[in-house]
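First subunit A sits with subunit B, and in the next complex the same chain sits with subunit C.
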Partner chain A sequence: MRVELDEPKCVAAGQCVMASPEVFDQREEDGVAILLEERPGDELLDGVREAVAVCPAAALRLVEE
Partner chain B sequence: MADTLTGCPAHAGAPVPAYPMPRAEACPLAPPPAVEPLRAEQPITKVRIWNGGTPWLITRHADQRALLTDPRVSNDDCEPGFPHVNAHRAQIAPHTPKLITNTDAPEHTRLRRTVNGPFLVKRIEAMRPAIQKMVDGMIDDMLAGPNPADLLTALALPVPSLVIAELLGVPYKGHAFFQRNAGLALDNSLSADEATAASRALGQYIDTLFREKLENPDDAVLSEMAGRVKAGEMEHAEAVNMGVAMLIAGHETTATMISLGTLALLQHPEQLAVLRDTEDPKVIGNAVDELLRYLSILQTGVRRVALEDIEIGGLTIRAGEGMIFDVQAANWDPEAFPEAERLDLGRPARQHQAFGYGPHQCLGQNLARLELQVVYGTLYRRIPTLQLAARVDELEFDHTGTTYGVHSLPVTW
Partner chain C sequence: MVVGASAAGLAATETLRREGYGGALTLIGEEPHAPYDRPPLSKQILSGEWSTDRLPLRRSTDLDGLDLDLRLGVAATGLELADRTVVLADGTRVPYDGLIVATGVRPRRLPGDGAHVLRTVDDALALRDRLAPGRRLVVVGAGFLGAEAAAVARGLGCAVTLLEPAPVPLAHAVGEQVGRVLSQAHLDHGVELRTGVTVTAVTEGGVRLADGELVEGDAVLVAVGSLPNTEWLVDCGLAVGDGLICDEYGEAAWGSPRPKAGGVYAAGDVARWYNALFGVPMRIEHRTNAAEQGMAVARNLLRPEARKPFTPVPYFWSDQYDMRVQAYGYLRGHDEVAVVDGDLSGRRFVAAYRTGDRLTGVLAVGMPPKAIRPWRQAIAARAAWHETVPTATPAAGARLDGR
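Moving on to the complex of A and B:
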């Protein structure tokens, strides 16, 4: 599974970091999401799915490879 | 229906209901009873607002998520057809600079990124020890003071007021002034002129402080914005308006969540016990989201206007028509939250829309969650015998504010 971040849509609400701090972080200057793990392991997928679901800007996708 | 000559739906011709709708006195924490049949049978329907306008009311969780992330749905409150909350908001709209609260992408995205710094998850989390210490101290004072006490003035209002004042760099000694004027600015029962006078007083107060910070900056947010103004990244008026918005939004809402959350928990002792008996941050974190879902204190809805025709649920929302997203209706939608009327601190609650949804979702939500985690995670553990010192039907609820609330919450222990 691969995570896609549509950065121009990101409004820096940080909800992905709350849901899955292992996979997401925020840029210090403006809070825009940073993808730490493009291909997170299975043990992280629940958190990633929650991050996708709660992203208010609909800027995240989890795609099957 | 097929048996009408015009082919109109059965409800055509029925009177358009007024919005906001009244709550049932016997269930002061539940959504207005008229909302549920609408969500079940007419989930997108016209309602009548204060100025006679008839925007669409959207009550289902899934429809709200779809529309609030749709780029054809605008937050520009100068668009004709925008369903203003009240006459005050309509009056100030043309005089308000471009802010995160009245713009769309891509301008909104740029503006939001310039004001977002203080609300980064890590920066908010770093405030936890200081907020914990503050809450512990206030509970010490409450226990040492008169019993019964008013939870609103002993804890609910001072915690978020102190936190937002320190975050912004506003002296806390001004709290009576800013609490009073924030209350007036958000009260839908006042005339436009009264509410405008209150928001203007707050604007002048922050403007004066902001000019001081331009000269003598500290490390708080007003000074951070002053730095951005000096660097040409932000306009002076924008910074002052954002300062006012953060000050207003930063204390009343969280204060209400503390007081109404405590009331809800005292009415559900088995749920209160969950918080009383745990120090697990995951349990506390989920409890906060469930209380946000259950209470959904924004009682005037999220307001938007359609920029183009939008087909949804077999209907067409025409360009120029207003929309109101009732967040408590969505948060009590059984499709999204089975047995939604049940307060259940263990349920998956994270996808509630109490902070709105879409790119305009509450800027301060991470701070609000942190404050509520500390308060809910401490108060009932420290005062396990906490109980109401009044009957629920003696409490006075705030039915006219932008957010719901209770005027005082007498408690004893």
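Moving on to the complex of A and C:
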């Protein structure tokens, strides 16, 4: 599974970081999300799915490869 | 079944599937469009920066994967609890085992015709068509929505008059001092901001004030708050007040006598539920809350034996000019505001809100995420004010003009 971040859509809400701190962080200057793990391990997927669901900008997607 | 096909309704259907619900799932939406996002409407869509193809919340393949009975362009008009049936505008009767109400809100309007409102993509496109350099826009209401639209219209070269009945815009929500800082941005960007004025009607060529004055404009945007979409629930036996009234789990409360049928939950802008973290009933019109509550009530509906109270720290953001405003918590009804980081005059600060002896909210402008996150955690941990904000300077004492 691969995580996709549509950066221009991100509104820097940081909900993803709270849902899945292993996979997401935020840029210091503007808060835009950073992907720490583009292909997170299975044990992280629940958190990533939570992040995708709570992201208020629909900027995240989890795609099957 | 989920009624209302937007942020909250979509999150609910996705969660039901993700949590293993494999039965029939109907999603009913009054708008003809597949679920789309609203916050960009008053920002990137109004400014023309984005086209509407960026708005859908999910790609059609992802929607298909949910295996929904998706009925768009048709409103629910009635709920018959005893029969567990929702009645649609076209006369169809759709039975359900569990129901999630996510019908959101609609804009309040003023008497008179010809004014724009801003809630749907069609609203945004209609208003965008009217904005061009030199055109005059009158915005009634200087809340977050009106403020964002005013900022975009200025960016497009319109002359903007912003009319607000309160002496200080947003004061009831964020406090007088912070409200003043935010409204200073309008003045700095050449908006004609008039406070303490009451608009009584929209007329040809502008709006009429209570004292009879005509404020002229080529277009008028009315942004004076919203009304929950609960008409279809009136007289069905559920308690409807300002929103559909719910308990701490998001389950709709009953009028009396209590009918046998259960399993009705509500999420998003339409839901007034009891948030046990703050100990008050609240109805939140924030984008993140819609998704989080949609998820939470879907879980509670699916697993009644393991229900969890929905106790979020509400989160809100707003973009105005070059300012990014972010707020956590419940600011309404606060007793005190204190600046705990940065300074108001530089429009780069964190303000903390006290209610009783609790830290109940923070509002930040132009601050990095790491400066805000600990405050959110403190609110979630029900931190006492005197332990968290010992050295703060009351905002009332801060210099606001910055000159």
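Quick note on the criterion: the second predicted complex is superposed on the first by the 65 of 65 C-alpha atoms of A that agree within 3 Å, B and C clash if a C-alpha of one lies under 4 Å from a C-alpha of the other, contacts with A are read in each partner's own complex, and residues count from 1 in each chain.
Rule of thumb we're sticking to: a contact is a pair of C-beta atoms (placed from the backbone, for glycine too) under 8 Å apart; a residue touches a chain by one contact, two chains touch by 3 or more.
Everything numeric here is computed off the predicted structure, so don't read it as measured data.
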item: Which of subunit B and subunit C A:Pro56 touches, first, second, both or neither; value: both
item: Of subunit C and subunit B, partner touching more subunit A residues; value: B
item: Intersection of the subunit A residues that touch subunit B with those that touch subunit C; value: 9, 11-15, 17, 26, 28-29, 31, 53-54, 56-58
item: Residues of subunit B touching subunit A in the complex; value: 69, 105-106, 108-109, 112-114, 116-117, 119-122, 350-351, 356-361, 363, 365-366, 369
item: Subunit A to subunit C touching residues, read off their complex; value: 9, 11-15, 17, 26, 28-29, 31, 49, 53-58, 61
item: Residues of subunit C that touch subunit A when the two form their complex; value: 7, 11, 14-15, 18, 37, 39, 54, 56-59, 62, 287-288, 291-292, 295, 315, 317, 319, 324, 326, 368-370, 372-373
item: List of subunit A residues in touch with subunit B within their complex; value: 8-15, 17-19, 21, 26, 28-32, 50, 53-54, 56-58
